[in-house]
Structure formats: structure tokens, C-alpha cells
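Each chain gets a letter, A, B, C and D, in the order it is written, and its residues are counted from 1.
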Amino acid sequence: MAFKTPEEYIESIAGIKPRIFIAGKRIDDVTRHPNTRPGIDAVAKTYELALDPEHEELMTATSHLTSQKISRWNYVPRSIDDLVKRRQMNLLMSQTVGVCWPRCAGTQSLQVLESVTYAMHQKLGTEYNKRFNDYLRYIQENDLSANAVQTDAKGDRTKRPLNYDDPDLSVHVVERSDDGIIVRGAKVGPENPFAVHELIVFPPVMPLIKGEENYAVCFAIPAGTQGITYVCQSGPMEAERREAEDIGTLGSPVYGTAVSVLYVFDDVFVPWERVFMCGEIEFAEDLLTKFESIMNPLCACGCKVGFMDLIIGAAQTIAEYNGVAGAAHIRDKLTEMIRVRESLDVCGMAAVQNAKEDPSGSGVYFPDIMPGLMGNLICHYDLPQSILMAADVAGGSVVTYPSELELRNPETSQYVERFLRGVASVPTEDRMRMLKFLQHWTAGQETVRIWHGTYPPATTRLILYRQAEGSLEEKKKLAKKLAGIKES
Amino acid sequence: MAFKTPEEYIESIAGIKPRIFIAGKRIDDVTRHPNTRPGIDAVAKTYELALDPEHEELMTATSHLTSQKISRWNYVPRSIDDLVKRRQMNLLMSQTVGVCWPRCAGTQSLQVLESVTYAMHQKLGTEYNKRFNDYLRYIQENDLSANAVQTDAKGDRTKRPLNYDDPDLSVHVVERSDDGIIVRGAKVGPENPFAVHELIVFPPVMPLIKGEENYAVCFAIPAGTQGITYVCQSGPMEAERREAEDIGTLGSPVYGTAVSVLYVFDDVFVPWERVFMCGEIEFAEDLLTKFESIMNPLCACGCKVGFMDLIIGAAQTIAEYNGVAGAAHIRDKLTEMIRVRESLDVCGMAAVQNAKEDPSGSGVYFPDIMPGLMGNLICHYDLPQSILMAADVAGGSVVTYPSELELRNPETSQYVERFLRGVASVPTEDRMRMLKFLQHWTAGQETVRIWHGTYPPATTRLILYRQAEGSLEEKKKLAKKLAGIKES
Amino acid sequence: MAFKTPEEYIESIAGIKPRIFIAGKRIDDVTRHPNTRPGIDAVAKTYELALDPEHEELMTATSHLTSQKISRWNYVPRSIDDLVKRRQMNLLMSQTVGVCWPRCAGTQSLQVLESVTYAMHQKLGTEYNKRFNDYLRYIQENDLSANAVQTDAKGDRTKRPLNYDDPDLSVHVVERSDDGIIVRGAKVGPENPFAVHELIVFPPVMPLIKGEENYAVCFAIPAGTQGITYVCQSGPMEAERREAEDIGTLGSPVYGTAVSVLYVFDDVFVPWERVFMCGEIEFAEDLLTKFESIMNPLCACGCKVGFMDLIIGAAQTIAEYNGVAGAAHIRDKLTEMIRVRESLDVCGMAAVQNAKEDPSGSGVYFPDIMPGLMGNLICHYDLPQSILMAADVAGGSVVTYPSELELRNPETSQYVERFLRGVASVPTEDRMRMLKFLQHWTAGQETVRIWHGTYPPATTRLILYRQAEGSLEEKKKLAKKLAGIKES
Amino acid sequence: MAFKTPEEYIESIAGIKPRIFIAGKRIDDVTRHPNTRPGIDAVAKTYELALDPEHEELMTATSHLTSQKISRWNYVPRSIDDLVKRRQMNLLMSQTVGVCWPRCAGTQSLQVLESVTYAMHQKLGTEYNKRFNDYLRYIQENDLSANAVQTDAKGDRTKRPLNYDDPDLSVHVVERSDDGIIVRGAKVGPENPFAVHELIVFPPVMPLIKGEENYAVCFAIPAGTQGITYVCQSGPMEAERREAEDIGTLGSPVYGTAVSVLYVFDDVFVPWERVFMCGEIEFAEDLLTKFESIMNPLCACGCKVGFMDLIIGAAQTIAEYNGVAGAAHIRDKLTEMIRVRESLDVCGMAAVQNAKEDPSGSGVYFPDIMPGLMGNLICHYDLPQSILMAADVAGGSVVTYPSELELRNPETSQYVERFLRGVASVPTEDRMRMLKFLQHWTAGQETVRIWHGTYPPATTRLILYRQAEGSLEEKKKLAKKLAGIKES
């Protein structure tokens, strides 16, 4: 196969032309619009790194289907070492772009599908696994990027597919023919679909029950397919970027923030060769459980470790710019931030180092679930505190700073230059940029995004209890024995 | 005197014409610019409430100088009941506008100056108190609004006025004449000066030492005085507002967010009758200590209580819109948020109920410092967690929502209308507005602002230790006695 | 009336001769047994302080029944100032004896009964209030001590009186006659009944329902009445005290630890004049609610403040003995302990300063419930951490120390003298005693006792939510208004 | 070699006859004294498990010196798998005996010495490694138990060996001869030396400096050597055990609590073949650092995981006995306790799975230091909270229970039997024993012991910062790059 260069990737994305809207307006060219270009540049980085000899070993792998060298983003981990590298790849990317990129979830979905379609093949004799492997070979050989589309809108959480007021609240099959299926409905969430070639659409994130067979559908589809509409999030940070003439004045200048999307599938045709589940409700939960076990090690304790590197680095930098790096309470805060970073890293490492082979026999490896759950909870409870500590280290300026544009305005530049300076040796512009970078992390959408990026804490605690429930009897026995209580 | 109507107030503000910049551009009319109008509307609310019979008792008081009915914002508390009302006034305003308003700090500075100028009069026989009372009468009679300007830029925190590389990093006297003084230098922080008639400028927030007499300067000045330049903060929320054609699409539609400012005084003349301290370094610390004791009860445990009411109300509303208000973990979170709200309220109440008369004999009452310190720390450690809980209750949509503009776009409106709905009984627009309101609180500058709005935690803990240090000997005695150790 | 001297009090207690057991053996003379004497000495302190001119104002009051000067422990608060003094009295006692004393709960029960019997009188025309006032006069005039007996054993918490397997699991009426009632059943908990003259027995700590009328019984009874048996707790600290020949070697030498008790009422006769409720299930909950509002301000945020004084004093002392009082992390811990102490104090103050008169018209004052709930939660979540911090400040020796007896053993004394010394200026004995005192607080039953001394956190949070639930609608309205949502 | 049976081990211990004191009295036979027997029974368990076919693989290993099968407690880990097993061995023991046992530290000291004596051999050409291997072979072949003696009394922490008022505050060399050295001084801490055959004595726990060569001494010595005196801790739990006629009434009936000791070396002769360091101050720190890296994974995240199993098992049992196991808040607490248990386990696993070979070339493997530091901090901050939660689940009875002796006292047995029962199906004795077991964990010395069992938090945070300090520059670079700041 031929690896795409970043330029070739961008060109291929420019050719897709999806029907996509932001802030009430249609976007014509996603590679030129200020709100979509940053996400594309982040994915372009994955192509660039694959061609960089320094990172080649991490960013590429050998396909088990074709024995060709391929992008690791299109590779399915088949050993502990593969998972270790997969996690390091996430760490490298998150340190480099400082933002979510859709290929991460895409890779997870390839891994999950390889395993679950194999299990269906074993138990039901279906063709899904064969189809999926053909599809996998196709995206490997063409070096394509994919995103996973999973979450439902769930506006009214008392309802489920069976009793939705509006059946289209999640994607479902509305027609089957010899050639394929027609699907309809909405999904929300997964960021930056405009930066990938392919969407892989999953059933709702809940166990399905009898009567919900039409929702148990999983398929891949080119991102620009007729009938798909995207409505992008638009909040303060998106508005600020639209206004900016010079991205240098922004807090995350090049790679921006992730843009979540409402996906609408309005009677979209999917040929059978791209359908990987269609009605097998009993396997829909298997998809979920597999995702659970990968997502935490790679996301909560993977890319978040890289984000913490950036936040720690920024806090240390601003402390130096403000002349307080040596103060005891500043060092305490740095130590606490380091503790959170390292704790996440430990959980991520343990999850992949204790990975086990898929019992279905697919040859795919999945991380140990427990360390990932631990990391997920650190991510919820401790990481937001670390972010606040970075704001505390930076001081109030982190939210009260004037725009860097004032440095270019002759009427205000000398005031800003003189009065917003930190230690004499650092240019005011550098200090303003570092404050703006910290504003991006501490006073924007990042904290809440991190909180919601994986399973929420209440769900995580529930999964944790269920995982550990089986061991309670053994623990009771140990305690009773030491307490001198005879087992009856 | 005649109370100003809101309209008269706005007209008077429109007449000021300060030299003011935002995002690299000059603002012509602060009453019309999208970034300055909301702050003016918030102050206008203080005028409106004073004329509202329902709130008259809280919002007005009787001047001890003229025995006239005046705005309580221009009144100096002379009893415990005055302080109780002063705090309730803040609570009412924060519940009503949901944002800081400059008159709050202005009122605090009047109280502090009445006391400290009186002490100077007692000890040094200066005229400051007489001048200040004349000034106080002037703003009472004209129903003017004032703001306190106190914080310095402190870019390099290893320096103090005596060894600043650039002496203008804080405001200082550069010339004295028979008529008055000329001041020069910068200040940062206090929000929305474009919404007040008067600035009251204070010395740096640190004890001053010999050689820093020129920095020990305190004075009042009309906000539009020649030589003053304002450079406003500009971040994502300011940009979003500038772009918005309909403020209804914003998270805090009417009263917006507070706009912090860099103040530059470029050789500004202040007549003696408006100078309330000039060189008395030994009284500069007194100003600080007095501020400390008022600010926490009124700000950390005053307006923050009102903010918590809004956040709790919003979290409960969105929980109902999402159909999850009855879930145990949601109720747990609400309970925790209520705990934080009530804990702050308790600290505020205790601070004002235990107020003491100023020992200098000025007749001014100051809150007990200890409960305010407790509240300040709750504000730092627990309030941000409550805000995150609101985001957790709301779900990821709080950051990933499309703009309400999509509801008006015929190409997307029906999708958004159907798929972003919550429980059937609530219009999608209502749900989107409540999510946007929560986005404002949870994914913008508010958390960090709350963190930095009062003394930072490290400083607060230091003040706390110093306050309690004197009681350690007594506590040691109690412990030794019970431990059976003879005092040597 | 004549106040009892401490000696007269002890003599009167010695005359009671209850049927009481500990560690499997009968106690003959509670004034001489090592496990019961400390609790008696603690109550004796309340008599001593009443006669001490320095504390007279706090420890005595004027009876509203007789206009005589009486012990404040037998007084019912009839103003805010009374409650302020009542709380200060608790603070003084807890600082002085460092342990719970039964008269505290006794006083609370007098206050509750005055109010609830009055309400019954108003609504039902019963004689309970008249009887209670006669009883109150009796204990005021004889300067007697009382304890409240309230908690049930509740071994199986799925059951309530109506469906108890064994009806005697709580005290209930088994016979009524012209002279009085016969009661039977068990209670647990309230400490040191052997140190009081009178028990005041309450219904179960839960709202009662129809069919449970026999459990809705409240009465006073002399502690030595025929048919009552007491079984005392006995754990490590009780054993250590029994072994000790010299109480100076113990961690709380004079006043020891509180001894909880299983109370058994085996067909005990109570004359009608001592019965204050008998069957009025609808008023049983009123007793509870009233207790709730007093207990937190006086206990969680009353005596616990005094305990914190002792723990802070001890931590500071041992830090000095160890030569580390100046270390930054030690000072941080002290600051945090001070924060917890002051936060509790603030809640206690606010609760009594916002007290309201009983709406039934009894003239009794009850604290504001909300601040007490806040304090209770601080008591549960933060106080145990402070205790651990004291252990951290002291170092591992706090649990690993040899007995002070080694200082008197010629074979080991010089080793211990030399090697367990701290800074040279402090005798080793003093250091050992302070470590032992801290062992008492940090490695014994105190932390768990504090945790369980008031309503447990789950109950407290439930009460809190119920208290605040009514305000949610108002808060929703405020939020909706600011969010731009029209009320439908 | 021949493995000792538990009986042979106890017999060999009975033959040692150390000079040992507790509570002011000499102990004649440590195998019969109530305070020393439990610790001996715990070590006996290590001998029993080694002979148990079920645990043989874990409890034994093949000596790299003799290729004989030996106890793993006398084995030095030479691979990652060895460390994994070493940690599992600790987990098994802690679940089985529920208390510290001295052989754990003994094994750690063998590992550290093998490595450090090898490094001394490499750099200095000393004979220490040869001597140590002879010694190691000796204890392997005779299946002996050893304890590490490391901590100093450090009463006055402003002093260090060079300026001790009393040079004997730590063990030091006072004489050298051809045959060996004479040592003098004190040590404190390591538990239950009466249960081992050998002490291995280490230099002070701090880097040593020039002039302190005599303190840089490390040697092994039979526990009963002439000149050694032991003074045991004695607190409430030791007193309770001395009083108990039936250990069944105690909270940790068989294996008791750990007994810390003051060790006095009064001119004790050590022959050269047992001296492993003597004056090499530059290697004393190496000993420390090596200990740091082993202790956390094996202790903080090793045996504490087993303790958490016991505490969780006990909490679940008592919840069932009280009929509340299904309540939401109880399940929440169990989930939190499980979280802490699993988090510690994750840290322990990651530490040993990322172990590295000793760079000196000794062939010994050492765990990764970072995960252990993370676990240590969980152990300090979260484990005490979990213990309190167990007390919260159990209810107040956990401290207020009468002795089980009341069940055997005919005067009280039926009361206790009836009124302290939980759910009907569980005998009252079982409930009392489980409450007593929980009393042992929640209201005794265990929490503070756990807090102090490894490096205290302030030290751990310092080590953490130092470990991470080197990576700050790299993190700054990443942040600056993303912020758009050019590296100067």
C-alpha cells in the first residue's frame, strides 16, 4: 500500500463535500472553514507522524490480513505489545495536538468489530466477520481514516428505543432489500466527522431488548454519503475562532477544540457488504463491553496523560514567567498535578500490560477492565482539580487578559507591552500566549469535556461494583475466618 | 435627593465617553457596544430595584450625613442590621443578574475609607476624613455609582514597588502641587468600570514599606477623566457576544459576563479634595485588612450564594428536562450542591451577625473576619466541584450543543427540534436555553473567576493561620492539662 | 435552692446502687470502679464550675418556674442569649474534660419536653406539660443530673416496632393502671448513666405509625429504679484502664472515655406524674425534629469545637517537642485543623444566633436547623481527617510507644528516658504523656464515636435535602428567568 | 535443606530467650506471653503455607546460590515474575493473618543488601557481597526468619547523627577489632522481633554526611544476642489481650496486632562475617533508595490490598447482619472501598510488572518507583476514609458493644442475646464477633499504623516531585509549542 502524505489526506478530505452546518450556516469547504480546519490538521498530523522515521515504529504496523506495512490507526491489536504501542501512540498524539482526534475512536471500533463479528461467526455462522475483514483490508490499503458514531441524543432518559416517542431518536433499519438496508435516525457527539473518510455507526449505548432488533445495526459508510447531515456545536470558542484573523491570538492556535456534531441519517442506503450487525440484539451488549475495556486505557488514562503533560508544562512555564516557580505552595500544586498525571499513567499501563486474548478466539487483545475503571474515576474526580490548580498557579489573569490584538494596536500596544509583562527576561507576547493557552484549558470547554469524554462517574461506579460483586463472598469468608466466626 | 431612574443612569453613563478598547479596537459608545452594554444593564438593575416598592427597604437607607433617603450602595453600614441588609442586597442582586457588578466593590470602598480616614484623623489630625465625607455626600446626593480599583498587574511577583523595573507598574504620585496631585501607572482587574461614574483608586494590595510613600495614594476620580485609558479583556465569550445578532442565543443573555480591565493612568490630575491618603504607608495596610473583612462575607459568602441558587435551579431544571430528576445519584448531587450553598450562607450570616464596631470610633461596623475566611475556602474548594456537578447532571450536551440559530435555519430546524428535545412536554428551545445557561456557568470563565474573585486560597490560609496563631498557647495549655503534664 | 458541691454530688451518686455490669462482672460501687469513676468525675466538674465565680454566669441561670438561681444544665433556653450561653457552656466543658458527659443530652431532653408537652397541652388538652413542669421544678430544686435515653438497638434495620420479632427490642408500655404504667424493653447508647440521678426515656428515633402506640412513651425515672439493668461497653480502652494502677499512664487520665450502655427495662413501674407521653404517636416525630435542631449546634458544632481545641493544642505541643513546629507542611496541617475547628464554630454560632421561638407558644427557643446540619457534615467528613493529621504531625510513635511504666522500671527506665526524648528541654515523661494523649484521640474509639455521635451522614443529607426541597421551585424560576426561558 | 514445620519454628523461637519487656515487666517466654504469641503465630503461618501443596509454588523458590528449594522469604527476586510472586505472597499472607509480620521487611532487606553489597564490590572491591552471600546461604539452608531494623527514634528532628546530643540515639560503631565491631545505640519500630531468628540492622533513614561514618553500619545478628534489650509498645489493645482469658473475645483473635519495639544495643559484638557495610557513607543512601522502591509495592500496595479485602468482607458481612446490604448508600460505600482496594492493586501490579534489573549488575530486580509512590499516597489519603466507611456501615455499635463475656454471664446473657441480635438468622455471637473484628480495624491502632507504615505523605510527595522534576523541561516544551511560543 501507499501511505498518504498529509497533503494527500487533506486533498482527499476536501473532495468529500458533506452537508454540514454551524451556527445556522452551511459550510462549503471544510478544509477552509475556521471551525473545521483545526480538526483536519490534527488528523493530518497522524499521517505526518507515520512518515516520520522517528515515530514510524509506533505509528505503523504489519497487517495480519495482508502482511503489508499499514497505519497503526487501521491495525487491530493482537498482542500485549500491540496494546502498549497503541496507548503510546495516543500519548504521543495528545501531547502533540492537545485535542481529541476522531481516528482514535475509529481505531477502537475496528478492534471491537473484529472481535464481535468473529464471535457472531462462531455462534451464528454469519458472514459479518468476512465482510468486516474485507472492509478492514480496504481501509488499510487506502490508508483511510474512520470515526465511530455511537452515542444517542437521549434527551428524555426515561425512554428507550422500544418506547421512543419518535422512533428516529436513534439510527435504525427502516428497509431491507437484496442489496442492502436503508437506515434512518440521529446520533450525537463524536467529534470532527468532517476530518475522516469513513463513519462506523454502532447501536445505542445500552443493552437492547426484544423488539429493538432494528436498532441493533452496525455498519460503515463513507462520510459524504447522500442523506447524511451534520450539525456542528457552536459555542464561545467556535465564535472566537470565526472572528480571529490571526490564529496566533487563540488559546489552541493550530489544532483548536473538538467540534461535536449532531448526525442525521435521512433514509441512507448501506450495501450489505458494509453491514456488520443487523438485528442480533444479543451481541449489541458485547460491542459495549468491549468498548468499555478499551476506551478507558486509551482515552481516560491514555490521551489524558498527554493533556496533563501540557497542563503541567504550562503551569510550570507561567509560574516561571510570574517569578513564583520556587514558592512552596506552587511546588505543592505542581506535585499534586504530577501525582494525577502519574496515577492515570499507572492505570493505563496496568490495563494494557494485563491485557488478555479475546476468549472468542478472534486473536484480538483487550485490556484488563479494572485499571481502566480506576483511571476513569481519577479522570473525573482529580483531573478537574488539577486543571483548577493550573488556573490558581496562573492567577486571575488567566481569564481577565486583553486580546493579543492590543499588542498590535498602536493606541494600546505600549501599555499592554509594559504593564502585562512578567519577569523582565520574557517577552510580553510569550506570557500572553501562555496565559491564553491556559485559558483554553481552564476556562473553556475542556474540563467538562474531560468529565464527559468517557463513561460518567455514576455509570463507572456501577460497572465497578458489578465487576467486583463476585469477589464479595470470598472476602466475607476471609473476614469471618479471622473474626473467629464459624461458617455455617 | 432624587433617585436616578435606570434610564437616567444609562443616559448619564452614555455621557462619560471614556477612552476604552476591546480586541484591538476603540469602543465609541459603551451603552451600545455588545461587550459593555450588559454590565451597564446590571448596574441599571440596582437603580431599578431601589425604585421598586418591594425592594425599597433593602435597596435604600438613610444617610448619616444628610438624613436623606439614599441608595444603600452609597451608604456606610453603622450597625449589625445594616450589614445584614447589605449582604441581603448582594444576594438579591446576584440572584437577579447572575454576574458581578462594580457597585458592590464601590460600596465596600466607601465603608473602608470612612473608617480609615477617620483613624488617620484621630492619629494624625489629617483632613482626609472631612474631604471623604464631602465626597460621600456628593455621590449620595447625585446617586452616583462607584467602583474600587485596587489590584496591581504584578506580572513579576518577585518585585515590589520599591524595586519595580518600571515604576509605573502601579499607580503612584509623580507630582504634588497646591491644587492636587498628578498620578501615573497601571491597575488591573475590577470589572466593568464603563458602568460607573466614579473610580476609587487604592494603594497596592500589600503592606507598603518605607520608600514606597508615593504608592500610598488613595483618591476618587470621575471615570471619564482625561488621561485614563481602559483596555478590556477579550476572550471566547466576548467574541461570541460580538458575533451574536440575537442575545437570546447566548448563555447569559442580558447581563453577560464581567469584563475585567487594564487601567492606565497617564499623568492624571486629582484635586486635593478627592485625595484620601497620600504617603501614609502605615495606614495602607489598614485599608487592606478592612477590605479583607468585608469582601469575604459580601462576595465569597454573599453573591456566590445567589450564584449557587442559579446553578442549583438550573441543575434541577435540566434534570427534569432530561427525565432524571428522580434518580438517586442526581438527588445526591443536588444535595451536595445545596450543602455548599447553605455552608456559604452560614458563613456569611455568622460574619455579619458577629460584626463589631470599628475600634477607631468611626461608627462603622465590620464583619467578623473568621467566618468570612471559612466561606472563602468553601468558595475555592467546594464551589468549583458543585459547578462540575451541575455539568454532570446536565450531561455532555452542555458543551456539545449546536447554536440555537439552527432552530431558525430552515435546513436544520426540524432536525434540531426533534433530536435535541428532552421530555416531550418541554419545548426544545427551552432545553437548549437551559443547556446554554449551564454552559455559561460550567464551561466558560465563571469557575476560574470565582476561584480568583477573592483572596486566593494560599493567601487565605495564611491569614487564617495568623488570625488563629494567638490562640495556640491557650489550646496547648488545655491539652497539657488533660494529658497530665505539669506546666513548667 | 442549694447547689450541690462536687463531693455532695458524688456521695449522692454512690447512694444509687444500680444493677450494672462490665466485661462479664457486676460493678459494686460505681464511684470506685475504674471504668465508671471517670464519667462521674466529668459530671462532678459541672457542679464544680457552677460554684466557681469565674464561670458562674455561664453555668447558672434563673428558673422561669421558681425565679431561683439554678444550674443551667436544668434550665430551658428562653431566648437567643440563653442558647448562646448554653453552647458556650458545652464548649467550656468539652475543653475542660475532653469527653462526653451525660448531662448534655439530659439538658437537651428537658428543652424538647418543655416544648412538646406544651404543644400536646395546646392541641390535646393533656396534663403532660403540667407534670413535666412539676418534674422540672423537682430536679432544679434538688440540683439533679439527668440523661436522655433514646436510641434503640436496631440490630435488624429492616424491622420496625410493629413487626419486631421480639417486641421488647424497644421500650414499650405493657400495662397501664391508675397509678402508672409498666414498661419493658431495651435501649442502647447514651453514655455513663451511672453518673446521673435521673433517666429520661424517649420513644424510638423514627416516626411512629398506627399500631405502635405503646412505643410512643416518654418518662423520667430515677437511675437506680428496681428492674433496670445496665450492661456497659468494654473494649481495649476499658481493659487498659482496669489494668492501670496509676491513671497517669493513660491517655485521658482523669475523665477517661465515654462508656456506652445497653439499658434493659424489665417490667419497670413508672408513676403517672413522671409520664410525659403515652400513646400520642403524632407527637413522637415532634420530639425527634426538636432534638435534631438542638443536637447539632450543641454537639457536632458545640463540644466538638472544644475537642478540636484539645487536638490542635496537642498537635502543636508535640510538633514543638519533636522540633518540627516550624516546618511548612506541619504548619499547613495546623492551618487545616484550625479551619475545621473554626468552620464548626461558625456553624454553631449561626445556629444559635438565628434561633427562633417555638411556634407552639411554649416560650422555648430552638436553633436554626440548617447551620447545624452543615456543621454535622463537617464533623463527619473533615473532623476525622483533622484527627489523622494530628497523628501525622505526631509521627508513628503515637501508636508504637512503650508504656510510661517503663520509666519507673529500673531495668528499662534509662533507655526510655534517653531514647524516647524529644528536644532536650522537654522531659521525656512530658513527651510520653502528650503522645499518649494523642494516642487516645487518634488510635482509639474517638474518631468513630465522633462519626456516630450525631445523626449519621446519610440521614443528615436526607434531612438537608428535605429542608431545602421547598426552595427548589424558586431557584428554578430564577435560573429560567436569566436563561431567557418563559415560564409556561 | 529441610523446611521447618510451624512447630519446629516455634520451638526454635522459644529457645532464643531475648531480654524483653512490656508494660514495665520482663517477658519470660515469648511463645507463651499473650502479647508476643500472636506475632509468632503469624510467622508460623509462613512456615505452614510453605509446606501446603496449594501454596508451595508461591511460598518457595529455587536458590540462585545453591539451586535448592528454599522459602521464598529467603529468596532474592531475580526477574519480573519473581517480584510478581513476591507480591502475591504478601497478598496471601495479609489476607490470611490480617496483620504485619516481620519476615516481610526481612525479605526486603535481603534483596536490598544483595544489590548494594554487589555495587560496593564493583566500585570498592570490598568483601561485603561475598560475606552477605555466605550469610544468605546460611539462613536459606536453616530456613530462618529475619527482620529489618532501620528506623531511628528521631525524637528531636532538628538534629542528625553528627550533632546528636546523645550519640547513642542511633546505632553506631564504637570499636573495631580484628574479629569484628562493637555497636551501641537505639532503634525503634520494626514489629515483633521476638518472632524472628535474625535481625538485620541498617543505617539511619537519611543520607549520611562526612563525619557520620560510624553510623554507616549494616549487619546481621541473632535476635537473642547478649547486649540487646527490647522494650515493647503497650497500649489499650495490648492491655485488653493481657486481660483476656479467651482470645475469642478479641477483635483479631489469633494473630493480634503488631507490637513495635524500642531496640537497645548496649555494646554488642558483631563478627566481621556478619558486617555488610561499615563506614561507606556514600552507599548508605543507595540502601534507602532501594528500600523505597520495594516497600511501596509490597507494603502500601501489597499487604494493604489484603487488608482492604478483609475490611470490605467485614463491611459486607455486617451490612447483611444488620439487614441493610441492599441500601443505596451502603452499596455506594462498598463501591468506594472496592475502588480504593483496586486502585492500590493496580499500583502494585504496575510497579512489579515494570520492574527493572539492578543497573549494578547484581541480577536483582527492583520495581518501578512511580506506581509505588502513587499507591503510597492512596494508602495515606483514601485508605483511612475506607476504614471510616466500614465503621459507618457497621453503625455506632462498632465502638459501643459490650464484651462477648456478657454472653457467658448468666446474669446478662439473655439480655445481650436478645437485644444485640441482628437479622434473626444470624447468631448474636457471630454479630458480636464481626463487630469486634471491625472495632479492631476502625477504632484501634490500625488506621494510624497504616498511615505511618510507609514513608509519610510529606516525604512521599517530595520524592515524587524529585522523580518528576527532570521531565518538566520536556513538558514545558510541549506546552510552549502548542501555545505558539517560539523557543528562545
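Some observations on this one:
We adopt the following convention: a residue touches a chain if its C-beta (ideal position, glycine included) is under 8 Å from a C-beta of that chain, and two chains touch if they have at least 3 such contacts.
What you see is a predicted model; the values in this text were computed from it and never measured.
Path length between chain B and chain D in the chain contact graph, taken as the least number of steps between touching chains: 2.
Comparing A-B with the candidates B-C, C-D or A-D, the pair whose contacts agree for more than half of the residue-numbered pairs is C-D. In terms of their C-alpha centroids, the spacing between chain B and chain C amounts to 42 Å. One simple way to say how far apart two chains are is to compare their mean CA positions; for chain A and chain C this gives 54 Å. Chain centres here are Cα means. That of chain C falls 38 Å from that of chain D. For chain A, residues touching at least two other chains: there are none. On chain A, the positions that touch chain B within their shared complex are 21-26, 151, 153-159, 165-166, 168-169, 186, 188-189, 229, 231-237, 239-240, 242-244, 260, 262, 264, 321-324, 329, 384, 388, 391-392, 395-403, 405-406, 408-409, 411-412, 415-416, 418-424, 431, 439, 442-445, 447-449, 451-452, 456-458.
The residues of chain A lying in touch with chain D in their complex are 95-98, 248, 251-255, 309-314, 316-317, 331-332, 334-335, 338-339, 342-343, 345-347, 349-350, 353-354, 370-371, 373-374, 377, 430, 433-434, 436-437, 461, 464-465, 468, 472, 474-480, 482-485.
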